[in-house]
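Let me give you the structure first, and then I'll get to my questions.
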Amino acid sequence: MSDQEERISETTRLGLEIVKEAEEDRLMTLSVGPQHPGSGHFRFTVKVDGDYIVDCDPDPGYVHRGEEKMCEYRNFIQNIPHLERPVIHDSSNITYSYSLAVEELVKIDVPRRAQFIRAIASELNRQVYTLYWLAIYGIFLGHSTMFMWPTGDRELIIDLLEALTGARVTHAYNIPGGVRNDIPYGFKDRCLRQVSYFEGRLKEYEDIFYNNPLLRQRTEGVAVLTKEDAIKLGVTGSVLRASGVPYDIRKAEPYDIYDEIDFNVQYMKTCDSFARAYVPLLDMRESCHIIRQLLDKMPESGEVRAKLQPNPKGPPGEAYRRVESGRGALGYYIVSDGTPRPYRVKISVGSFRNLLALPHLLVGSKLGDMPSVYWSLNYWPVEADR
Amino acid sequence: MSKSNGSPSGNDKGDVASIVASNNDLPTTSVKQGETGSSIASKPSSSSAVKLKSEKTDLPRFERGIVDGLVSKFGNSIKIIYIKPLRIKIEVPPKDIVEVAGHIRDESGFDHAESVSATDYPKTGDIEVIYHLGSYTRENLSSHILALSTRTDRDNARLPSLIKVFKSVEYHERESFEMVGVYFDNHPRNDRFLLPEDWADIPPLRKEFRIKGR
Amino acid sequence: MTTPIEDFRFGPFVASVVWLLFWVLIIVTVIVLPLIFVILFYVPLPLVNGEVLTPYLFLSMVIDPTRTLPILNFLIYTEFFRVAVFPGFMYAALIAAATIFIERKFLARMQLRVGPSHAGREALGTGFEGLFQLVADGLKLVSKEIIIPAGADKPIFWAAPIAFVAVAAAVVCLIPVAPGWVVSNIDVGLIVAFAIFGFFPLIEVLFSWASNSKYPFIGGLRALHQLIAFEIPFILSALSVVILSGSLNLTEITYAQSSYWFILFLPISAFVFFMSSLAELERIPFDLPEAESEIVAGWLTETSGMIYGLIQLGTYVKLYALAALFVVLFLGGWMGPQIFPDQLGPPGEKPPLLQLLTLDGLYHGPTANAIFWFTAKTFLMIHLMLLIRGINPRIRIDILLHTGWYKLIVLSFINMFIALALIYGGVLGPGGLLTPN
Amino acid sequence: MSSTASGFIKTIESGSKHLLIKRFTFRYPEEKLKFVGDGYQFDPKRGVGIAGYRGRHILFHDKCTGCQLCAIACEGIAEAIGMVKVDEQWKHNKKAIMPQIDYGKCVFCGLCVDACPFYALYMTDDYELSAFTKEHLIYTPAQLAVKPKYGGEVQIKIGKMGANHRPAE
């Protein structure tokens, strides 16, 4: 009797094992990246059960170049060109908070006109980044027109930045103590004209892409990142604002002259993939208003660069400053030991913080939603790796 | 410069009047753009607006208040490093850090970690780990950063992980583990993250790791 | 700053060219010419104008313009010409090539860019820049290595692309382009067309399985789901056309629309047919089997070189076939106002050269008109498909299946009932109000 | 349902509208952009740069003193500048050394121009530097002294039918 029972239990166990193995066989591991067209310089493995993703493991680091270590070997000025390499499409913002932190350490005041020019460069550059992001978002969803329009219209802004800074993408424009050069003659009119034309283009984006019922169908209600989860995961930027938290560093901790600028923090309460895609567009529109105000309020003349000795150094200390970049809060934690070189630099980038939401959102969603969820997180692989 | 579509080039020193005149042919002139832009922005804001807080008057007192709450709870185990406008730094011994962090999250209102940075100090034989904590939920704290720091021995760098308190430190702590070599107890994956899988050197952000040729 | 190419000598270059010519001459005289004569020995030569068409006569006719037209006249009525050239493969391939060019230029126009701009820039003036891009692409694909993944099922891997083109070309045989100009005019043409379309998912699944890779496998399964889900509304929407015309023969369906195009009575069916043919073609917004950001290139991931080229050719031939089928079913086929004259050139006796130029005896006004209208309508449909591609994102598989199984089937049923009501209400059909007598 | 239909109609309208709008493509080798100024320059007295495109450098031999400040500035950035002997006699340049720039390494940040206190090193708007070998990318002081000819004349113009690139009037 007991023998029989044992045999039955043995068969059951074997049967269960077979079932379990079959369950395991159901799962298919897909490697997305680094040579996958939908990943960028980044890899994550997903396990799919049929069409549903059951596991996701991000593996960044393909473009890690040790920016933080490199900073320790160069003085405060020499760090500028290489620090903008992680995200060359947003290079004015990634050097902006560095400049703010160094100014706090070295104790320099920035001339008022320089603060305005910095803010203009920062706003323009955020638009360049967002357009590039939007273009890739478009092509990730198979919308080739949405890839071409933003990449084309990006040229309008790049043209302005080229006139302002002298380089198309790697500007090296912000510097501790101000900006490298004054705005060129006739820049204001040119900027106003191109920015207002660009603002008109944003309506076309809405018509062809955001209001397209097919896009709405596949992004609305998908991969909902609730407000509580967003706060718990510490996401930032447009991802956070799309989850219903109206948090923007420009409003929360106004740096330079942002406390004199009147603007709204754009946010949405639907928390889904569509909201994360739509908030950057609202931000671009708001940014156009900000640029107009900045050009309007900017003093007509004045210093744009505080005098610095060649190797600026300050007393030992530390500073943590952040700005709102295209991907959210971009903070620099700099420790100085009194020498002209920083002792430790930590770059807290928005992409790295948003990465935490990727496994959280992908698990349970469909494979077809993978590109839209991944890229809606405003993740820039190169910046996250630093 | 013709009237049709003259664009002001930065190079030629043409007269400004003609540029403005040529602007008039466009749908919106530059002057009008400025007006509309400011008027839209200065309109009474819609639902998506956030009021700019004027709290600059009580800055030092406010931060002092945050720290006082902590000190009164935990007493001597909290060491205040500095209190600056919008920035507070406190130092806590490793054994208390989870408890202090939990209190900071629940009572003080700092709900997420913006960055976790480990700094190597070979002179004192320490590694300092700083959690920069921010707040999304409390509006009066949104501009503040509380730097919660702790120190550990650099030869045997072990710290309790804060992942139970702040979920957002997960990848930051993993990065600190591989870059500076701080082992975080109770962290689910003290594992390679950014560095290559076959990295066989000391953690690169330690000071004795020198870049070749420098 | 330019560095000259090293080790270039003019003498050796000329020598190599001469050497090549020498071998070509040897091969032609020793192998090719005898081979031709051996073949001619066995092949019965056809009669043209009462003369046996020997190679010498053929050459003299080609040279003499007055004797060229009879040859052409003879050739275009051969079965081979129909299959290979005019309503058959070459015509379809030509339209496919034109479609690729138009697609690239049209989408570029919509996306505010120029499109292919360098190949063939100086060929026909600046207006046609990029005309030879397709030739360049084709040469590139031919010259590329074909990589077969390890563990691939080689026979299927090789056979599937060829089968894809063959099946796509098989549909073309059934399309009537002008009165009498159809490769095979069979009574169940419509059913045969759908039967042939049923092969595509099979080929795709076979190929994706043969690739021995994960992404093609997912893509193949997606293709299977998608094509099967859309097959049913596809057939149902064509069924209402059959109800109205009372025939499955595509030529008779065209003749049934000599007074009214069926799209007037069956707009919903036409819509369903259009959407289903987009899904059948795997074009945006239904390009899930090839969704590049999700599964690299879907079932095409492991294709390379000419395998990819063949599949692309098959896809575009299929595009032509579906657009043409839409034209036949809903837009009245070749029907259109007569705009071509009955005869080219001045009436009466003409000098020989003018005879050749005006295609005397070869040219037939109504046929030319029919071909023109058919091609124009086909290109209109192709443009519509391109417009849809330009403005839409890709949709997700569950939405796609939902659309196919629920919405489109219901819609095609609605229109089928409308068609039935028109027949039984005495509006259309035998003895109806609008039936042409 | 009605919103879906109107969305599709708007989408189709927007797409077909763009068939009529001017193309934005900038055809590079035939057209070249017009830049602000002659290139990035720096005024050491005021300590502020002058806006301009940051292309390859131009070196004024009559002003260069061979002080190596540009090479020092570049040390931590690109290490593109090396000081080489020149076969020239200058009163202010006793050592007769001048910068030689390797454009395979240069990142065009312009911080060497900021470092020069003698108005000797500026940048120009010449960006077409491609060469067949790496050695050709190293510009000697004599090559750097040549003022480049750059014929850019195209600018973004905005009209009623959209923006495109047209020659500046």
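Chains here go by letter, A, B, C and D, matching the order in which they are written, and residues are numbered from 1 within each.
FYI, a residue touches a chain if its C-beta (ideal position, glycine included) is under 8 Å from a C-beta of that chain, and two chains touch if they have at least 3 such contacts.
Here the structure is a predicted model, which means the values were calculated and not measured.
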Pick the chain whose C-alpha centre of mass, unweighted, sits closest to the average of all protein C-alpha coordinates shown. A
Busiest interface, judged by C-beta pairs in contact, is A-B
Suppose each chain is reduced to the average of its Cα coordinates; what separation in Å results between chain A and chain C? 46
Chain A to chain D, mean C-alpha position gap in Å, rounds to 27
Suppose each chain is reduced to the average of its Cα coordinates; what separation in Å results between chain B and chain D? 34
Centroid spacing, where centroids are CA-atom means, of chain B and chain C in whole angstrom: 60
Where chain A touches two or more other chains at once, by residue number: 73, 145, 152, 163, 184-185, 187, 193, 208, 212
Set of chain C residues in contact with two or more other chains: 110-113, 390-392
Junction residues of chain D, two or more chains touched: 11, 14-15, 18, 24-25, 35-37, 51, 156, 158
Which residues of chain B touch chain A once you look at their complex with the stated criterion? 7-11, 13, 19-20, 23, 26, 28, 30, 33-34, 37-38, 40-42, 45-46, 48-50, 52, 86-87, 89, 111-115, 117, 119-120, 130, 132, 136-137, 142-143, 145, 147, 166-168, 170-172, 175, 179, 192-196, 204-205, 209, 211, 214
Residues of chain D touching chain C in the complex: 11-12, 14-16, 18-19, 21-25, 27, 131-133, 136, 162
Under the definition above, what is the set of chain A residues touching chain D in their complex? 73-75, 77-78, 80-82, 145, 152-153, 155-156, 159, 162-167, 170, 172, 180-185, 187, 193-194, 197, 204, 207-208, 211-213, 216, 303-305, 307, 310
Contact footprint of chain C on chain A as seen in their complex: 28, 30, 36-38, 51, 138-146, 148-149, 152, 208-209, 212, 214-215, 217-218, 366-371
Which residues of chain C touch chain A in their complex? 107, 110-113, 214-215, 218, 284-285, 287-288, 291-297, 389-399
